[in-house]
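These notes concern the structure reproduced below.
As written, the chains take the letters A, B, C, D, E and F, and residue 1 is the first residue of each chain.
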Amino acid sequence: MPITVCRTEHFNAAHRLHNPAWTDERNAQVFGKCNNPNYHGHNYNLTVRLTGDVDPETGYLYDLKRLSDLIKAQVLDRYDHRNLNLDTEEFAHLNPTAENIAVVIWQRLRPHLDARLGLSVTLYETDRNFVEYYG
Amino acid sequence: MPITVCRTEHFNAAHRLHNPAWTDERNAQVFGKCNNPNYHGHNYNLTVRLTGDVDPETGYLYDLKRLSDLIKAQVLDRYDHRNLNLDTEEFAHLNPTAENIAVVIWQRLRPHLDARLGLSVTLYETDRNFVEYYG
Amino acid sequence: MPITVCRTEHFNAAHRLHNPAWTDERNAQVFGKCNNPNYHGHNYNLTVRLTGDVDPETGYLYDLKRLSDLIKAQVLDRYDHRNLNLDTEEFAHLNPTAENIAVVIWQRLRPHLDARLGLSVTLYETDRNFVEYYG
Amino acid sequence: MPITVCRTEHFNAAHRLHNPAWTDERNAQVFGKCNNPNYHGHNYNLTVRLTGDVDPETGYLYDLKRLSDLIKAQVLDRYDHRNLNLDTEEFAHLNPTAENIAVVIWQRLRPHLDARLGLSVTLYETDRNFVEYYG
Amino acid sequence: MPITVCRTEHFNAAHRLHNPAWTDERNAQVFGKCNNPNYHGHNYNLTVRLTGDVDPETGYLYDLKRLSDLIKAQVLDRYDHRNLNLDTEEFAHLNPTAENIAVVIWQRLRPHLDARLGLSVTLYETDRNFVEYYG
Amino acid sequence: MPITVCRTEHFNAAHRLHNPAWTDERNAQVFGKCNNPNYHGHNYNLTVRLTGDVDPETGYLYDLKRLSDLIKAQVLDRYDHRNLNLDTEEFAHLNPTAENIAVVIWQRLRPHLDARLGLSVTLYETDRNFVEYYG
């Protein structure tokens, strides 16, 4: 029977929501305060879930210390204490909404995990606003 | 690939669990302290989840500010600081258990959302007691 | 050197804010939604703090199991799943604001504790609204 | 339409991760600090989810007080304030990883619940490390 | 006997720690990742505490709805979804550390509150890093 | 005006409450489940508070990264994933109650901090049981 193991990490980043193909008026109308040209920021919480079979020798599905290290290498080292729009390639031309950040994080983690493992991510932009992506 | 966006809101309400078709003794036996004729109350936390496709122009599945406004109009304006049994039509003849409140909230939100969007709700009666409804 | 030990408990209750010496208009104006004649309710969280010296034989200032039992006997058994206005003597003629509830709880606990122990209570009406009373 | 009701309980236990078929070196390498021969411990939080149909007479899927009592009898009375490796039969020869503890808890609860009810458990070893098992 | 009432609000902002009188090397050495020239951000949680006497007519020390409105007008409307360094006068020439933000918030609130009321603020930059200021 | 900065860290440890000068019966009577000879454990959360003046050059009272490093060196490296009774000198002959652990942590941190800084610690044994020590 498959089981799921989960690890939560967090990072602090600045961002701005903006579509360069639109006028300033439309950007302000659609994105409101999130369109502030000088950026704002969040303490993002990220939960990564892996689904698969338990190894009978270890009793582990996946060592959560290894999962934490993978998230640090692939996500935190790139986004923590950064400006997502200015400091990353991923969001130079992609709007850093919670939806897009969650998808990009999933895509960054997927190649580093065995294909037999299921992967999903939950990204909390605030305690009350969050996004789940199952790939 | 579908994604899910989530918004949490809260409301404070009084309620009482009671089946008018039963004797007082049976009500007391089944519902215990929750049957108190003078009511008790909770800080309810409500998480609403929408599942669908991200709009490539906005990077949004659904603007969480709009979802917050919808929850306020359909749920909080009716239930916050109210007595569910006495102040609402929905629970005048329906026992306001967490299960029934979750189903009613789902039914109130469903007509206001595009049919292509999946909808589920989680209702926390306390931090330790909660209900999930997927429709 | 004195130390402080703390225990958190919770109870669920209905209440209404109302001053019977006032007109309905003034009550509505001052207390807003909290004046709803049919009551509303909360999951109250209560933290009780005792300050004093550690007993060198036990390493305890006060056994937190005993403190939990005392809070249950003096507070939870009276207020949990009750209507504070209708089901208690204390709030029959005293407005059950968070301030007044905290003071009443402090007064109920004080006689059961050695005079050498300092006592304070924090009462959370919601996660965002709370009251501290030091006696 | 099915609905899910959830109850969270917690217990405090000591454990050690160890595979007796391995050398001490391999155990230390795989399990790191969790292999400490003198044990360490956790405040485990456990959420149990039941899925099924609401009883129209009660408005309950399952009385959460009964679910709490069942978890206490089957899980907390066995594991709370215990050493999982030394004080239980289940983990005398099974490594008490979060994965294995979740599966064992699921197996202990399953026979006590009607076959029409779906059952899943989430076990939090810490706020950041947790496991979900659906059977 | 005095009592304390508390209200928590939150805002999301970008900032950068930097002393313009120093070289880039010294700024990087002292402020580390927080010195990123493109800014990073946080979900700030702010708890405001008022201490004084309960009004016997209302049972309130201070209406928490009014306190919430005051915090919104003096703090959230200025800082929420803003860049503290670029979008505010206060931090144009003052390093927006948690310490300085807490002091500035205290100074902004103080003139709007009766001198008989004690005032303190707690500012959470993250769940694990926070600052308390009593004036 | 003095200000207070706070940092929270956590560690996972096993312990047992026991007074070797007492009979087994008295130990069982006083310490109940906490006296289990095979130990149990907790996820301890520790908040360390420093009080003093803000350095006008940095805007810091104390760099919270340095405070985190100090707590790791003096507390977590000694207690995390350890058995407090068996793996530490401090609790070889001192009962590891929350009170005593908090005092010992305070004493371990005090010599590493400038005498002008005030120091207090809060130790959470569980979410509901915690201890504050001001020295």
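Keep this in mind: contacts are C-beta pairs under 8 Å (C-beta built on N, C-alpha and C of every residue); 3 or more make two chains touch, one makes a residue touch a chain.
Here the structure is a predicted model, which is why all the values come from computation and not from measurement.
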item	value
Starting at chain A, fewest touch steps before arriving at chain F	2
Graph separation of chain D and chain E (steps between touching chains)	2
Where chain B and chain E overlap in contact partners, by chain label	A, C
Chain whose mean Cα position lies farthest from chain A	C
Chain located farthest away, centre of chain B as origin (C-alpha)	F
Mean-CA-position distance for chain C and chain A (Å)	41
Centre distance in Å when chain E and chain F are each reduced to the mean of their C-alpha atoms	28
Mean-CA-position distance for chain D and chain C (Å)	34
Where chain D touches two or more other chains, by residue	127
Chains touching one another, given as label pairs in label order	A-B, A-D, A-E, B-C, B-D, C-E, C-F, D-F, E-F
Chain B-facing residues of chain A, complex	17, 19, 21, 30-32, 94-100, 102-103, 127-135
Complex contact set, residues of chain B against chain A	1-9, 49, 54, 57-61, 63-65
Footprint of chain F on chain D - complex, ascending	10, 12-15, 33-34, 36, 38-43, 80-83, 86-87, 126-127
